[in-house]
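First chain written, first letter: the chains are A, B, C and D, and each begins at residue 1.
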Amino acid sequence: MTIRFALLGAGRIGKVHAKAVSANPAAKLVAVADAMPAAADAIASQYGCEVRTIDQILRSKDIDAVVICTPTDTHADLIEKFSAAKKAIFCEKPIDLSVKRVQDCLKVVAKNKTVLMVGFNRRFDPHFMAVRAAIDAGEIGDVEMVTIVSRDPGAPPIEYVKRSGGIFRDMTIHDFDMARFLLGEEIATVSAQASVLVDKAIGKAGDYDSVSVMLTTKSGKHATISNSRRATYGYDQRIEAHGSKGSVAAENQRAVSIEVATAKGYTRPPLHDFFMTRYTEAYANEIAAFINAIGGKAKASPSGADGLAALALADAAVKSVKEGRAVKVSEVLA
Amino acid sequence: MTIRFALLGAGRIGKVHAKAVSANPAAKLVAVADAMPAAADAIASQYGCEVRTIDQILRSKDIDAVVICTPTDTHADLIEKFSAAKKAIFCEKPIDLSVKRVQDCLKVVAKNKTVLMVGFNRRFDPHFMAVRAAIDAGEIGDVEMVTIVSRDPGAPPIEYVKRSGGIFRDMTIHDFDMARFLLGEEIATVSAQASVLVDKAIGKAGDYDSVSVMLTTKSGKHATISNSRRATYGYDQRIEAHGSKGSVAAENQRAVSIEVATAKGYTRPPLHDFFMTRYTEAYANEIAAFINAIGGKAKASPSGADGLAALALADAAVKSVKEGRAVKVSEVLA
Amino acid sequence: MTIRFALLGAGRIGKVHAKAVSANPAAKLVAVADAMPAAADAIASQYGCEVRTIDQILRSKDIDAVVICTPTDTHADLIEKFSAAKKAIFCEKPIDLSVKRVQDCLKVVAKNKTVLMVGFNRRFDPHFMAVRAAIDAGEIGDVEMVTIVSRDPGAPPIEYVKRSGGIFRDMTIHDFDMARFLLGEEIATVSAQASVLVDKAIGKAGDYDSVSVMLTTKSGKHATISNSRRATYGYDQRIEAHGSKGSVAAENQRAVSIEVATAKGYTRPPLHDFFMTRYTEAYANEIAAFINAIGGKAKASPSGADGLAALALADAAVKSVKEGRAVKVSEVLA
Amino acid sequence: MTIRFALLGAGRIGKVHAKAVSANPAAKLVAVADAMPAAADAIASQYGCEVRTIDQILRSKDIDAVVICTPTDTHADLIEKFSAAKKAIFCEKPIDLSVKRVQDCLKVVAKNKTVLMVGFNRRFDPHFMAVRAAIDAGEIGDVEMVTIVSRDPGAPPIEYVKRSGGIFRDMTIHDFDMARFLLGEEIATVSAQASVLVDKAIGKAGDYDSVSVMLTTKSGKHATISNSRRATYGYDQRIEAHGSKGSVAAENQRAVSIEVATAKGYTRPPLHDFFMTRYTEAYANEIAAFINAIGGKAKASPSGADGLAALALADAAVKSVKEGRAVKVSEVLA
C-alpha cells in the first residue's frame, strides 16, 4: 500500500522531506502547500505533485499523511487540525515553544489516536543508530556518561534567530533528544551556561551562540553538550557514550574521505556543509520509520512525548542560565 | 529531455544499473530483457518497465540507450547490433575477452559514431574522483607511483571463474583501468606474478586467486596492484598516488563509522560487503555521465578504447606470469 | 653546570621523577629519602645515588634542588623548609588541600625568592604542547570552548581515595590546570555535578567517581570536563580547543599503533595503561623545564600560583556539587 | 654484568648507536674510533668515553663488544678481525656489497663462533614487532601477501649514492629484510622495475631513485615493495600483512599527533623527519637484543645469514631490472 503525502511548508527543511518522501517506494507525494506560491510551485514541478492550500489538504481524501514544515508557531494548530481530520502527522521540531501548548496539543492527539512523529532526524542517522545498537547489544555495559559536541557551520540569519525560541529550543533541542536517546533514562536536572562569542547581533536579539550543558539522571548518569553556532571546518556532529564496559563513539562525516600529504602535513577535507548533506540518509530513514508507524508495524518514535521532553530540557536550560543553578526538570513541567 | 533506457541482462549487475537508471531524473527505464523470464519480471515489476526480447528492444523506437549486462561473450555482438540500430550503448566490462574481437567491434562503433561507454564504475566513485581532482589541481605535483590494493571479500563461484577469462581480465581489469586513470600516461610494460592461495578449485579451473602486478609507463612512472579473492574484513579498495610534491590516498569505506572501545581495544566495523553497497554512488554517477555523453555535454568516458587498453594489460599480465618476464603492451596489441 | 637533585618520596610518582632526573644530562640524582627504607634503597641502587633523611638533605651542600613526592599533607611544610634552605623546589600537585595553607606557603616562597614549580605534567606532553603551540600560532583564532575528556583506567585503592582530598582535588585538578592552560584566561565560575557509578565504596568514603564540570571565564569562554575513574580501554586523555577560526585536538595515545582487520572489524590496541607510560615524555620535559628555570633561562611554570588556581577550582567544584549552583571562584579564594 | 662497548665509526648512524648504548643500563660505552678525530671527540665528550684507534680497540681487554658503523667496504674486514679477537659484533647493514665476500666473512664468524648481529633496525620497531606478534598469535591466519611502502624524505648526497651499492642494496635492503621477517618463508623469485624520477644526478651516477619490487616464495606467497627517495611529507614507513583470516598493518608515525581543523580541512603534522627520530625506540631495542645475545639469553638475530639473504635479494633485483625478468634467488647465490 502506498501512503499518500502532503507537504506543508516548502522551505529548506520542506525540500529535504519532499526528496525523502519522493524517493521512498512506499510513499507518494500528492500535494504541497506554502504561503509562498513560488516555493510550492518549485516542489510541485520537481516532484510532479499538486499545489493545494492547507485547507484543501485538510479536506483531501487522497491524502493519508502530512509532513509539517511550516513556521514553528503554526505547528500545534496544524497538528490539532490534521489530527481531527484523521491524517497521520509528521511534525518538524519543536511542536511549539511553550510547554503548556505542547501538553494541550498532545492531549488532542491522544484523544484522536493520531499517529504523530516528531522530527528528531538524528535518531535515524545510520552512525548514531549503530551507536544505539552497540549499547543495546551490551557492548559497553551500562551507559554512564554521554558526551555530545554539536556545532553548526555558521549562525542563522538574525531574523531566524529572533523567531527561533533561542538556541536551546532551536539547536540544543536535538542534542537534548540525543542525550535522552543514548542515556535511556529520563533527565532529572539541567545545568547550563551560555555566552555570545560568535556574533554580537545574536546577543542583541536576546540569544546566545555558544552554550554548554550538563544533564543528570536520577540514578546519577551524566551527559554534557557543547554547542557553537560556528565551526569553520563544517557541520560538527559527534556523540559518544561511555559505559561500565567500554565506550562507543560516532565520528564526524565528510562527503569525501581522501587525504592529501604534503610538506605541510596530512589534510582531509572539511566536514559536510550542513544537515541537508550530513543527514541525507537519516531523513530517508525517518520517513521510512514514519511510514512503518502509519502501517502499524512500529510505534511512532520519536513521539510527541519525546518532543515535549526535549522542549522541557530546553526550558530548564534557559532557567539554569538565568538563575545560575542546576534546575530540576520537574520545575518546568509543573 | 528524458533518455529512455532498456536494460539487457537482469542479473546482479543488471539490478545495480536498473536502480541507478530509475533514480536518475533525466532517465526512464522503459524495458528489460533477460534469458531468464523471472529475472526480467522482477526488474519490470520493481521499476514499472516492460519485459521485451533483445530483438524487440533493437527495433523499439521508444528506446534511446541500452545498458548491456549480459554474459561477456555476448557483449561485442550486442554492441555491434545496437550500434547499427543507432542506440547509445553502455556496456559492462569487458567488451570481450579477445583483444582482436574488441578491436573489430570498436571499428564498427567508430563507423557508426555510436556513443559507447564502458563500465569502469570506480572512476565515478566520489572518493576516487576526489583523488583525481587533487592530482588535477596540482596538489601532489607530477604523479610518479600509484599503489592499488584491491581485494574481494570472497571468491566467486567456480562456474563464474571458468567463464570469467581469468582473474586479470575479470578482477584486475578494474585496477588496470584505475592505474591508467591515475597515472595519466599509457602503460608500457607489465610484470605480474600469480598464485593460488585462497581456493585450490580456482587453480584446478586454470585460474589464480592472488596476484601482484607492476606497471611502468614510458617515462618511468610506476604502478603496483595487489589483488586477492579473499578479505575477511570486507571489500578492500584502496588507491594512492605518490607524486613529486606529495601524495593523495582514498581510504576504505564502511557502512557505519562508529568505534567501540573496550578492554580488547578500539574496534570499527568491517568494510562494505561488496561492490553493490561500496559503489552505490559510483553507479549513480556513472549513469549520469552516460546521460551527459548522450546529450553531447561530455565525451563518453571511459571509452571503448579505455576498455581495450585495460584488456590489453590483462593479456600482458597473463603472458608475464606464463613467461616470467616483463611484457611490453605492444606485444599483445600486435 | 649539572643540577644536583634529591628526591623526597620514593613511591610511584617518585620513581617516575627519579627516572626523568637520571636521564637528563644536565641533572644528577644525588640523594633519595623515604619513610620506607626499602623504597629509598630501590631507587638508590637503581640510579646509584645515596639514601639520606629529609633533614640530612635539608643540610646537604651538594643538593641544589628537590623533587617533592611525599604524601600531600607534608608538601607545604617541606616547601617552606626547603625554601628557607635555598633549594629549588619541584613539588607534586597539590601543594596542599587547603587554599589558605597554600596561600601562606606561597608567601614564604615569595619572600625567599625560591624557584618553585608545581607538577602539572600534562603541560609538557608533546601533543598538548603542540595544541598550545597551534593556538599561539593563531591557527584557530580566539579560543572559545575547551573540551576535556579525562578518564583513569581504574579507581585507586580506597585508602588512597580517603586521603586524596576527593576526585576534584586529586584527579580533576589536572584538567582544571589544562583548561586554564588552553583558555588563556582566568576562570570566573564553576558548575559541577558528581556521582558514584564505578564503585560504591568510593561513595561510602565520601567521594565521587564520575564528574562533569563546566567552567566560564569573565569574557564568556567555556570549558567542559568529563571525568571517570574507570575506562576499560586504557588511560583516556583527550583535549580539544575550539576557536573562531578552527579547532585543534590531541587524540589519545597508545603504545603501539597497529590495526588488525578480521571478519569482526578493524581493531587497534587499547590505550596506554596509565600516566607512567602515557606521559613518559612529559615527565622528561617537565624536569628539563625545571632545570631551565633553575638556570634562569625561563620562569618556573606552572608556578605556585598555578597550583593555587587549580586548587581553588577544585574547591569551587566541591561547593557547586553541594549547593547545586554555579560558584564564583572568588567565593573560595576569599 | 655490564657489557663494555666500542663504537667503530662516529658518523650519523654511529651517533644513533652511541646514544642507544649509553642509555642502556646493561651497557657501557668505553671507546670510540673514527678516521675523523673531530667526530670521535664529539662522541667521546658527549658520552664520557675514550677515543682509541681501531687497532687499540682490537687489543683492548676492557671491550666486550663492537658496533661497526664504518663505511661499508670496511665491514667484512673488521668483522673478521674482531671475530678473531673474540669480540661480540654488531654490524650495520650491509656486511658487504658482494655476496661472495659476505659468504667468506660468515665462514670466519662461524669458525670463531662469534656473536654477530646485523643492523636491520626495523625488526625492533615496537609497531612492526606488534605486527609480527599479531601474526604469531594467529590473528590473521596464514600470511599470504605482504605490502611495504617505504619512502625516504629526500635523496642522499650524490657522493653517498655513488658508494652505496645502489638503491636496492642501500635502501630496499631494509624492506627485503622486512618482507622475509613478515612472510616467514624464504623468497624464491624477485621481479623489479626501477627508474629515475626524483633527481637526474642519481641516474647519471648509475642508480635509481624510484623502484618497485615483487617477491614470491616457493609456496606462492607474495610481497610488494614500493620505494622512492622522496616524500615531501616525511619518512613514509608502512607495512601490511594480509592473511587467510585477516590483515594487520602498522601505520605511519609522527612526532606529535594533533589535528587542526579549519575551513581548509583537517590537518595532521607531517611524519617523522627520518630514521633517527622514527626509529629511536627500535635502535634502543636493537642494542638490548644484542646485549641479550651476548649474554646467551637469545640467538643473535637478525644474523649474518639474514644479512646475506637480504643482499642476495638486492642482487636479484638489480639483475631483474637489467634483464626484464623474474630472477630466481638461487641464480645470485651460486
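Here is the rule we go by: contacts are C-beta pairs under 8 Å (C-beta built on N, C-alpha and C of every residue); 3 or more make two chains touch, one makes a residue touch a chain.
Note that the structure is a prediction, hence the values are computed from the model and not measured.
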Number of hops, chain A to chain C, where each hop joins two touching chains: 1
Reference chain C; chain at largest CA-centroid distance: B
Centre-of-Cα separation between chain D and chain B, whole angstrom: 41
Inter-centroid spacing, chain D versus chain A (mean Cα positions, whole Å): 57
Sequence positions of chain A contacting 2 or more other chains: 231-233, 245-247, 261-263, 269
Chain-level touch network, classified as line, ring, star, complete or other: complete
In the complex, chain D residues that touch chain B: 142, 144-145, 147, 149, 151, 189, 191, 193, 195-198, 210-212, 214, 216, 220-222, 224, 226, 228, 230-233, 236, 240, 242, 244-247, 324-326
Touching residues (chain side chain A, partner chain B) in the complex: 23, 126-127, 129-131, 134, 139-140, 245-251, 253, 255-263, 269
Residue ranges of chain C in contact with chain B within the complex: 231-233, 261-270
